[in-house]
Amino acid sequence: MVSKRYFSDNAAAVHPKVMEAMMAANHVDTAYDGDAISQSLDAAFSDLFETPAEVVWVATGTVANSIILAHFVRPWQAVLCHEEAHIEVDECGAPAFYAGGAKLMTLGGAGAKISAEGLQAKLAGIRQDVHQIQPAAISITNASEYGQSWSPSEVGAIAEVARRHRLKLHMDGARFANAVAHQGCSPADVTWRAGVDALSFGFTKNGAMTAEAMVFFGDSGGAGVRELKKRGGHLLSKGRFVAAQIQAMLEDDLWLQNARASNRGAACIAAAAGDRLYYPVEANEIFLRLTAQEAAILRTQGFDFYDWGQDLARLVTSWDQDERAVAELAAAIAAL
Amino acid sequence: MVSKRYFSDNAAAVHPKVMEAMMAANHVDTAYDGDAISQSLDAAFSDLFETPAEVVWVATGTVANSIILAHFVRPWQAVLCHEEAHIEVDECGAPAFYAGGAKLMTLGGAGAKISAEGLQAKLAGIRQDVHQIQPAAISITNASEYGQSWSPSEVGAIAEVARRHRLKLHMDGARFANAVAHQGCSPADVTWRAGVDALSFGFTKNGAMTAEAMVFFGDSGGAGVRELKKRGGHLLSKGRFVAAQIQAMLEDDLWLQNARASNRGAACIAAAAGDRLYYPVEANEIFLRLTAQEAAILRTQGFDFYDWGQDLARLVTSWDQDERAVAELAAAIAAL
Amino acid sequence: MVSKRYFSDNAAAVHPKVMEAMMAANHVDTAYDGDAISQSLDAAFSDLFETPAEVVWVATGTVANSIILAHFVRPWQAVLCHEEAHIEVDECGAPAFYAGGAKLMTLGGAGAKISAEGLQAKLAGIRQDVHQIQPAAISITNASEYGQSWSPSEVGAIAEVARRHRLKLHMDGARFANAVAHQGCSPADVTWRAGVDALSFGFTKNGAMTAEAMVFFGDSGGAGVRELKKRGGHLLSKGRFVAAQIQAMLEDDLWLQNARASNRGAACIAAAAGDRLYYPVEANEIFLRLTAQEAAILRTQGFDFYDWGQDLARLVTSWDQDERAVAELAAAIAAL
Amino acid sequence: MVSKRYFSDNAAAVHPKVMEAMMAANHVDTAYDGDAISQSLDAAFSDLFETPAEVVWVATGTVANSIILAHFVRPWQAVLCHEEAHIEVDECGAPAFYAGGAKLMTLGGAGAKISAEGLQAKLAGIRQDVHQIQPAAISITNASEYGQSWSPSEVGAIAEVARRHRLKLHMDGARFANAVAHQGCSPADVTWRAGVDALSFGFTKNGAMTAEAMVFFGDSGGAGVRELKKRGGHLLSKGRFVAAQIQAMLEDDLWLQNARASNRGAACIAAAAGDRLYYPVEANEIFLRLTAQEAAILRTQGFDFYDWGQDLARLVTSWDQDERAVAELAAAIAAL
């Protein structure tokens, strides 16, 4: 059956190569990431990012974000982020939980991206005394909640502020693959070379089953990270099955191929949408101006997606979206 | 290759039926436990336990224990447990983390099982004022850290103390299947009928990949449990793959068949061990008196296992342990 | 020496009657609030508020707010408050600390007061699922951060929203006395009769040394409150010295007399300030439009106060502010 | 009236000089420890301890202990202490609360003092992996819960273990003055010179009202301590009244005079008690073997104290204990 559902890439099928890798890992009998697959991943990510990287993996993006942020801030400090960031809006307070009650301090910004200027203004408004919570980290999302990707120079501008204020810089990359695919840059350029300290590199939305990598650049990882993971109940005795997913996703750049596939779907719909686009499509999310009536018309044709407030709809394409189904949807939108 | 490793059941292979069920779940496209497999589990567990049960699943036993205990106690309260319990010794403080700093209060007891008398004495020693932490729950482990299983009446004696002191009763059942298989009782008899409020029902050690069910009896679950799960980063967007594992484990009592298989292996070794047994074998763990020299002899024959302190070794059998390899090990032990 | 400093009422002298009461309490030799003074306070507050009240006292307003909110929300829930509320801006995250990481969700509103309409809109925007943090309490500040007091009907409008959404209503009354003195209402009218569940009743800014009362109406207190206090390190062995302060503040309505005195000072300055007033003066805080030059002129005359952003100054009067000094300041402002 | 009550020194009267100092501080009008008295304390403690010391003060010993320990360990680490330590038994979990759920790991030891050997054995039993909580600090109590004081060399032996394992060493000195008075050593000898990193120096039990100093030696204090204090709601706007108490206690060694006075009372009772002494009296606590009948006899003569388990009583003398009343009690005990 060809899916006409565009709710989210987070429920999409697992890629066959990932499934195969998991089955192949069944014969391993070493517990707790002590196996050869697990042990190979630091090197694999170091290759991909062209720099020594420390990699720790977990099953969800929520906990990947939370552990990195808990590692970067103390309980009485804060993380600066966009007011519509996933960590602020959609994680039931997980970052505050992992970070012992640390605060998320929010700011605005077009397309759910914060700006260096906005950041500066926010920081200028914080009195440096013991009464006010002091930020110790910044978190940006790439691609953002509205599917906006970051260029290396945009990241660099944020990192420059971070450096001046001695703040760590985290990138939530639940859709990092889609963002990199859109930018056409190297993973290194938009992360550590631009000043990112640690990345939540998401695979689950992009063809894996339950696999997210925390990638620490430089000496930003180290003591504490694995304790946070274990203490959160995220150390799997059969962790090899997550490592195997990630290994498969990195092999032959499957992560990039999958991201390009879902981006192509989104671009096809975007091309048909024209003025209906609320944001430029820079990854695999499309925000469409649709009246309730127009949305209903599409739904009667079998398509489905989330309403996103008044006269707005969100559609997300997945790596396995059928090209003909996408073309049909594009045509249906054009015909509205 | 036939495994001669007896380190732990926690790294054993995933049962083929579980693997198949996961592959079959790949075509589902609904996120966050909204799918039909996920929705079917309350009923499946209610059938198995002969009573309405509320079931929430996670990937590790550590977080299953932690969420249940965090649900049962407030941050300024305590959980009573054995001083060698997994929650006390091997979870890096996860229960305290989830429960906002709540305390584990420990007591002794033979075979890592607490006794009703020991519990009474411990409770009698706690002043009921605001200076001392007051317990709000008891946690027992079945089978215990030393592979000792609980009879329904033993559980009932603990539950009677719990009732008198208005404490919730949790059972850590990382090896619940092995314990039930050994006792030959019904799952209901040794849990809610005996007074257990909630059970961590482990599948990972028994043929699943990453699947543990929190089973809440009566009205012991409810508001807060799912928030704790999400906030801990344990809500999987593709949760169907965990639900599918559990569904497969319940079908045709695969959980019981697997447990019986590993128990058989342990019984075979136990029969050969005779006086070497440090504890009676009541599940799939064998604690053997072995000198360093004797241990070395077994290892030169290719067997491996954990040393467990001075002149003691721990061997754990798994559902997939090869019968001939077990027989060889039994013979090797008998020949020492 | 007559003080010409208007920084804050939080450093003002302790009233002589409070000092005397503390000295008188020195002969008591019972620890931990077991003494007669401590035992008398429930009745004293019940009289004052014309309803049975449960009272627990602590040394700071920060912890009074934090314990009440921690008592009202679970760690995965939220408190709704104004974005400039003291709990949000000036307590270094204490409410989140006490409440296990619970979130403060903020909204705007003129004069640092939230409105029922704003509250409704905020609540309407929160999806009721496990991904988004759900609020469980509302906190309002009376007088607000800009010295605005609440009428009973304004509080009632907030409480009506609280009731509909099953949220607890907390009032931060660091300057409750000043607000009540300004409104001329009874303490009951603006609290429980209007729907407030618990009040932080501040005495420290109003003539006490270190004394804040948490006043719980109805059954909003109870189990947990004293544990939070002890666990926070706020149970004093010589708690009688705080109880004595509060007893002295309640006797002959000293709290009201002191508040009227500081309000009179503020009113005198307000009368002179005319159009310079940024907010109407409804307690003992005055927000004045002052250029940097004008501020400098006042300072050369010996007056001092906080700058409050661009061309704005905050002045706070205390219960012991000298009337002539206030008159001089009023004259100096009028002469600008 | 002459007190015949020996329950605890924690409810004793405030020394007149402390009271006077508090009254004198009333004219200060600077908030939040910005006043001259507050500013003078680092120097005063540096003099007393013959080394640069950083001092932060709070109102209770519970929070002094908790902040120091929270400063020394991360949430996933542990503090090693005696199983009868105040932090373990009598603080309602405050150290775990402040330290984000960190664990207290307990060991035994005569007279509620841990030994270097016991400590070594405990440490040897902790596997160094991510499953087991790793200790990061040791806390000892001087005088101990049974009134036993530490000699500099005893402290040094603990500190030597601490150094080898890179653990911080905290001393809970709720009755530090009594211990020092008994040992006749300098405060420096039994703290930093012996290897203590930070001391909770108690004044409340020794003539102050609500004053405990956290004394950090070397670079053991610094960033985070004041945030923990503020976040716990312990930063007083009128903090000068606590600073004034401490200043008065240090002046002319009032702390030592008071401690000597209460120790004298205890020594007098001890001399009369002979074989009844359960522990040698090394501070101001006396543990007496008393049958229920004997205890009743003393009580009919107007004396009172705590029963401390079967046939044991605890008596505590205070700085203001009347010498004749003590002599009468001594005589009454001798006459039993």
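Going by the order they are written in, the chains are A, B, C and D; count residues from 1 in each one.
Here is the rule we use: contacts are C-beta pairs under 8 Å (C-beta built on N, C-alpha and C of every residue); 3 or more make two chains touch, one makes a residue touch a chain.
No experiment lies behind these values; they were computed from the predicted model shown.
In this assembly, the chain whose C-alpha centre lies farthest from chain C is B.
Here A-D and A-B are compared, and the pair linked by more C-beta contacts is A-B. Centre-to-centre spacing of chain B and chain D amounts to 42 Å, using the average Cα coordinate of each chain. Separation between the centroids of chain A and chain D, computed from CA atoms only, is 50 Å.
Chain A and chain B have Cα centroids separated by 34 Å.
Touching of two or more other chains is recorded for residues 75-76, 91-93, 97, 100, 130-131, 227, 230-231, 235 of chain B.
Residue ranges on chain B touching chain C, taken from their complex, read 74-76, 100, 130-131, 224, 226-231, 235. By the touch criterion given at the top, residues 3, 5, 7-8, 10-14, 19, 22-23, 26-31, 58-60, 62-64, 66, 91-94, 97-98, 204-205, 209-210, 227, 230-238, 241 of chain B touch chain A in their complex. Of all the residues in chain A, the ones that touch chain C in their complex are 75-76, 89-93, 96-97, 99-103, 130-133.
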